[in-house]
Amino acid sequence: MGQGFTESEFMICQCARLMEDGRIVFIGYGMPQIAAILAQRLHAPRMVQMYEFGAVGSLPETPFVRFTMGGPRNCYRSLAWTNMNTIFAQAQLGMVDLGVLGATQIDRFGNINSTMLGADYKHPEKRFPGSGGANEVLTQCWRTVIVIMHERRRFVKKVDFVTSPGYLDGSPGARERAGLPRGTGPWRVVTSKALYGFDEESRQMTVLGVLRGFSVDDILKEMEFTPLVAGTMEQLEPPTLEELRVLREEIDPTRAIIGWTARE
Amino acid sequence: MDVLQAGIGEFRVEDPDQLRAFMRTEKRREMVDKVMPEAEAVRRYVKDGDYVSFDFSSFTRGPASLVREIIRQRRRHLWFAAKFTLMESTLLVAAGCLRGIDVGFMGLGNLLARAVEEGRIKVTEWTNGTLTLRHLAGAMGVPFLPTRNLLATDTLTYSGAKVVRDPFTERPIALVPAVNPEVGLVHVHQCDMYGNARCFGPGVSPLETAMASKRTIISTEEIITTDDIRKEPAKTTIPYYLVDAVVYAPFGCLPGGAQGMYEMDTEHFLEYMAASGDEQKMAAYLEKYIYSVASHEEFLEKRVGVARLLELKRQATIKEGYH
Amino acid sequence: MGQGFTESEFMICQCARLMEDGRIVFIGYGMPQIAAILAQRLHAPRMVQMYEFGAVGSLPETPFVRFTMGGPRNCYRSLAWTNMNTIFAQAQLGMVDLGVLGATQIDRFGNINSTMLGADYKHPEKRFPGSGGANEVLTQCWRTVIVIMHERRRFVKKVDFVTSPGYLDGSPGARERAGLPRGTGPWRVVTSKALYGFDEESRQMTVLGVLRGFSVDDILKEMEFTPLVAGTMEQLEPPTLEELRVLREEIDPTRAIIGWTARE
Amino acid sequence: MDVLQAGIGEFRVEDPDQLRAFMRTEKRREMVDKVMPEAEAVRRYVKDGDYVSFDFSSFTRGPASLVREIIRQRRRHLWFAAKFTLMESTLLVAAGCLRGIDVGFMGLGNLLARAVEEGRIKVTEWTNGTLTLRHLAGAMGVPFLPTRNLLATDTLTYSGAKVVRDPFTERPIALVPAVNPEVGLVHVHQCDMYGNARCFGPGVSPLETAMASKRTIISTEEIITTDDIRKEPAKTTIPYYLVDAVVYAPFGCLPGGAQGMYEMDTEHFLEYMAASGDEQKMAAYLEKYIYSVASHEEFLEKRVGVARLLELKRQATIKEGYH
């Protein structure tokens, strides 16, 4: 890659940019943790991190250490330490503004799969770890950001398995009819090249912006289905120097998560 | 209150009255010394075919030494609650201990994935939240609890949940069945010889797991006096009468960490991850860290060593709040 | 009263005598609290007191102070401090061996009323505080002791209101059919003159013993219904000197609960 | 899952989605200073007709000063959750504030009894346990929770519970509807200006009450720094985002006590009990302790006095565990 940043760095920055200050944000394992620290350091110092392991309002220590979520460095200086049932109860009550998740597959209505690939559940071609807390997040948080690599096999017409609910079949009120909380659902999809939202009416995935240097066509050819394209396209800026400095110097100096660019 | 949909995943319905009868006769009310070696605790309380649950994670305050002892004793046909595992599921599958897994989050590695793909391990789909909620139901002595999670997904289809029309609002809601594990494994920071136990820091569900389980094995970093327990009753996470065995297991979470006491052993995790995709490498890992040592103490002595223990203790610089 | 003890003292002692060592006992407000302290001091040092306010295994300070249940003197040196939902969950799980309750009315099948008197719920002749935790106790504890004054108006053919469930209509398996936990129900009734149990078959209240100096007839004439009478009657001993010493000197020296005898 | 029986007591079903919408827009996520006088907190957040709940008891850590302020502001047609009251129900009824009561345990005194007997106060029957379980349901955002309590009683008949056939075991079980009070009142030992609050000692349901309630007013013995809160996150009972107002109210539990800080005022309770059976005596009590003083501070100054405050503080000799 000839860019001055890695795909991971861009995705983390995009994700962080979507985290508003003064919000309660459910943080999933891995990349979302890094994005949350970045957001807190740059523009969202009063964002409240919430973890399924029970930490609320933590101010994670850096450098970030891999594998830590319930550990002392990630839960440092929390406002409260509680447990999983309490956290998901508060999400169900409507207290969590934003959730951030990874996924293996996604379809045009934002349904996500993190369970298995193949036509037959009983004989999966490939098995993945399963929902984790993803189902809760996509069910309960007011908005959910999904972070996914930009690969054709991941943007599919129909996911092999609906692990966590998007807009289902896209019909009006489909989530509400099923008993899911009103006004929730996938909000943004962050990839290594693009940013998507979902159309208010048709619930279809919609390209909102493309990383500078790429065209919409570049994006579409890496997708199995054709999304809508927003009337006004946003140009997504590469990571800024300040974002990269915080990522590389403060958060992940060993590059365990963000990786190295081809130049380095 | 019609049943609108019923998941087809494998699960067991516990009769609440049989559970109560067990709790009445098998859970000792007297405060008796329950401290015993891990080998004895596992021999007594973990049987082939049992449903086993643990708290809370592979990285933090997990009962790793007890899981290794189960493998060492070669238990078979267990069903495992993978609320959030990144290591235990794989180790137990690789060692041939499991018949099935309640998923949760079932990490990590291709070895585990292949076992499911090839049908050697059964799975029932849940989520971290609903699997934990099932423990709460089990802890409350009710057959189910309601949730808005799972609805409208294939996860529900392959779970044991049922969707009903709520008689109060007339809207669909999911009911998840209680789980009452035969054995709950909980690692704690401190407990007394009777099992009054303290966990410091956030967690998944130590109390729910201990309440829901028919047998609870506690492994502990430190054994303290009951007098100390009585001085700070708010710190008691699990009361003694829920506990069947207390195993003294300092550094028992390794390669995970215990908050405020020692950090996780990242190098060990990387070694494990390198082995987690390959049957032969994993067999070597199991031999090295489990079968070839007779106990947790020998594991610490021969496979970790004093220098590493001291280094991991040194790394635990954040003490704030963990007491 | 010409006796060397008060009715309250006798009832407290009777109640305490029913508390076995090494059991988990749910303690209701008031007289049961005193009985529990007495039992712990005399024969049940390892009995575990459990309170709906969340204290488990407390060793209450004496002298006993009225009105205290969730307060520091009553919750002193507990093994755990938790909350009401946790306590009643543990009761529902089958962890509580014995519960001790007061009541306003009781019928032959041990159904108890602490809600209201009168034929019409909408227009009660007399209103009482309601269930409190009594319904939970009589539903969930393996055995329940009911403490009640020995008065005709309290031992009624049919309670005006079933606040908490006894053996219902006395038919075999009535509690189980209703969904109540198997093998539970009222176990003993303690009054100022007698001790009752319940027949294993017919579930009818049965006189097990009478306070020394009273006859069965004395007992029966103070009851609206006629209970069964056990084949072998137990003679109930008055409070012993040791019981009275602990009650009067250690637990309630101001006699706020136990009162004064006519002699004193 | 048939409905086998439905209680006929009055209760309200909350739409879970309307509740969520309220929580989204009305509960502030920013950490803002919420400290305000009791008069302002009650004026802002307690409206005529509201459902009001409190934690935890008349004797211990009860929000007595807030209850007095509600009376002082002469709120009307309230519905009160009497989980365990020996004073508040009577005071609120005597002052004409209540339309109805969820019982619980509704003590104490003939005045209150007569109000129910004469139909001036409506009641719905519950139990301490099921009323607290309803708060847990409200806190979880589910419309009901199951329990084996209430079954086969008149209490159930005059409650709002429903008996259904559990679809897992096919046996009868009671469902109690969630309660989401308009206002929850919780007295705490310590909190910061944003509402991160600590309760010491056992209790009924401080967190469930704060989660379930649309508005939560905290009264506190002490205001501490957020830095201190972050040093011991395990001590946080209620996080700030559930809290709408923080009222600085030292000795706010009087005549009840706050564990480790001051003992209950037994003399005051005896005075209250002597008045609790008689309308005129109770009117005099209300005048003396509530209407004739403008605030909690004036109550302390004019009706309690420094000597009594010091004596009640002196009596709080048991500190162990309350920190």
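Each chain gets a letter, A, B, C and D, in the order it is written, and its residues are counted from 1.
Keep this in mind: a contact is a pair of C-beta atoms (placed from the backbone, for glycine too) under 8 Å apart; a residue touches a chain by one contact, two chains touch by 3 or more.
These numbers come from a predicted model, not from an experiment.
Enquirer: From the centre of chain C, which chain's CA centre is farthest?
Expert: Here the answer is chain A, farthest from chain C.
Enquirer: When contacts are scored as defined above, which chain pair ends up with more C-beta pairs, C-D or A-D?
Expert: The greater number of contacts lies at C-D.
Enquirer: Provide the C-alpha centroid distance between chain C and chain D, rounded to the nearest whole angstrom.
Expert: 28
Enquirer: Let me have the rounded angstrom distance from the C-alpha centre of chain A over to the C-alpha centre of chain C, please.
Expert: That pair's centroid distance is 58 Å.
Enquirer: Taking each chain's centre as its mean C-alpha position, how far apart are chain B and chain C in Å?
Expert: Comparing mean C-alpha positions, chain C is 40 Å from chain B.
Enquirer: Could you tell me which residues belong to chain B and also touch two or more other chains?
Expert: In chain B, the residues touching two or more other chains are 16, 141-142, 147-148, 171, 173, 201-202, 231, 233-234, 320-321.
Enquirer: Where in chain A do residues touch two or more other chains at once?
Expert: Residues 55, 75, 77-78, 81, 92, 181 of chain A touch two or more partner chains.
Enquirer: Classify the inter-chain contact topology: is it line, ring, star, complete, or other?
Expert: other
Enquirer: For this entry, which pairs of chains touch?
Expert: A-B, A-D, B-C, B-D, C-D
Enquirer: Can you name the residues of chain D that touch chain C in the complex?
Expert: Residue positions touching the partner: 56-57, 59-61, 82-84, 86, 103-108, 112-114, 116-117, 119, 123, 125-130, 132-133, 136, 147-155, 158, 163, 171-174, 201-206, 208, 257, 259-260, 263-264, 266, 269, 316, 318, 320-322.
Enquirer: What part of chain D is in contact with chain A in the complex they form?
Expert: Going by the criterion above, the answer is residues 16-17, 19-24, 27, 29-31, 139-142, 196, 207, 211, 226, 229-231, 233-234, 236, 239-242.
Enquirer: Where on chain A is chain B touching in the complex?
Expert: Residues 51-55, 61, 65-73, 75-78, 81-85, 88, 92, 115, 121-136, 139-140, 161-165, 168, 174-175, 178-181.
Enquirer: Within the complex, which stretch of chain A touches chain D?
Expert: Touch residues, chain A against chain D: 22-24, 46, 48, 55-57, 59, 75, 77-81, 86, 89-90, 92-95, 97, 142, 176, 181-183.
Enquirer: For the complex, give me every residue of chain B touching chain D.
Expert: Within the complex, chain B contacts chain D at residues 1-3, 6, 13, 15-16, 141-148, 162, 164, 166-169, 171, 173, 175, 177, 200-202, 231-234, 320-321.
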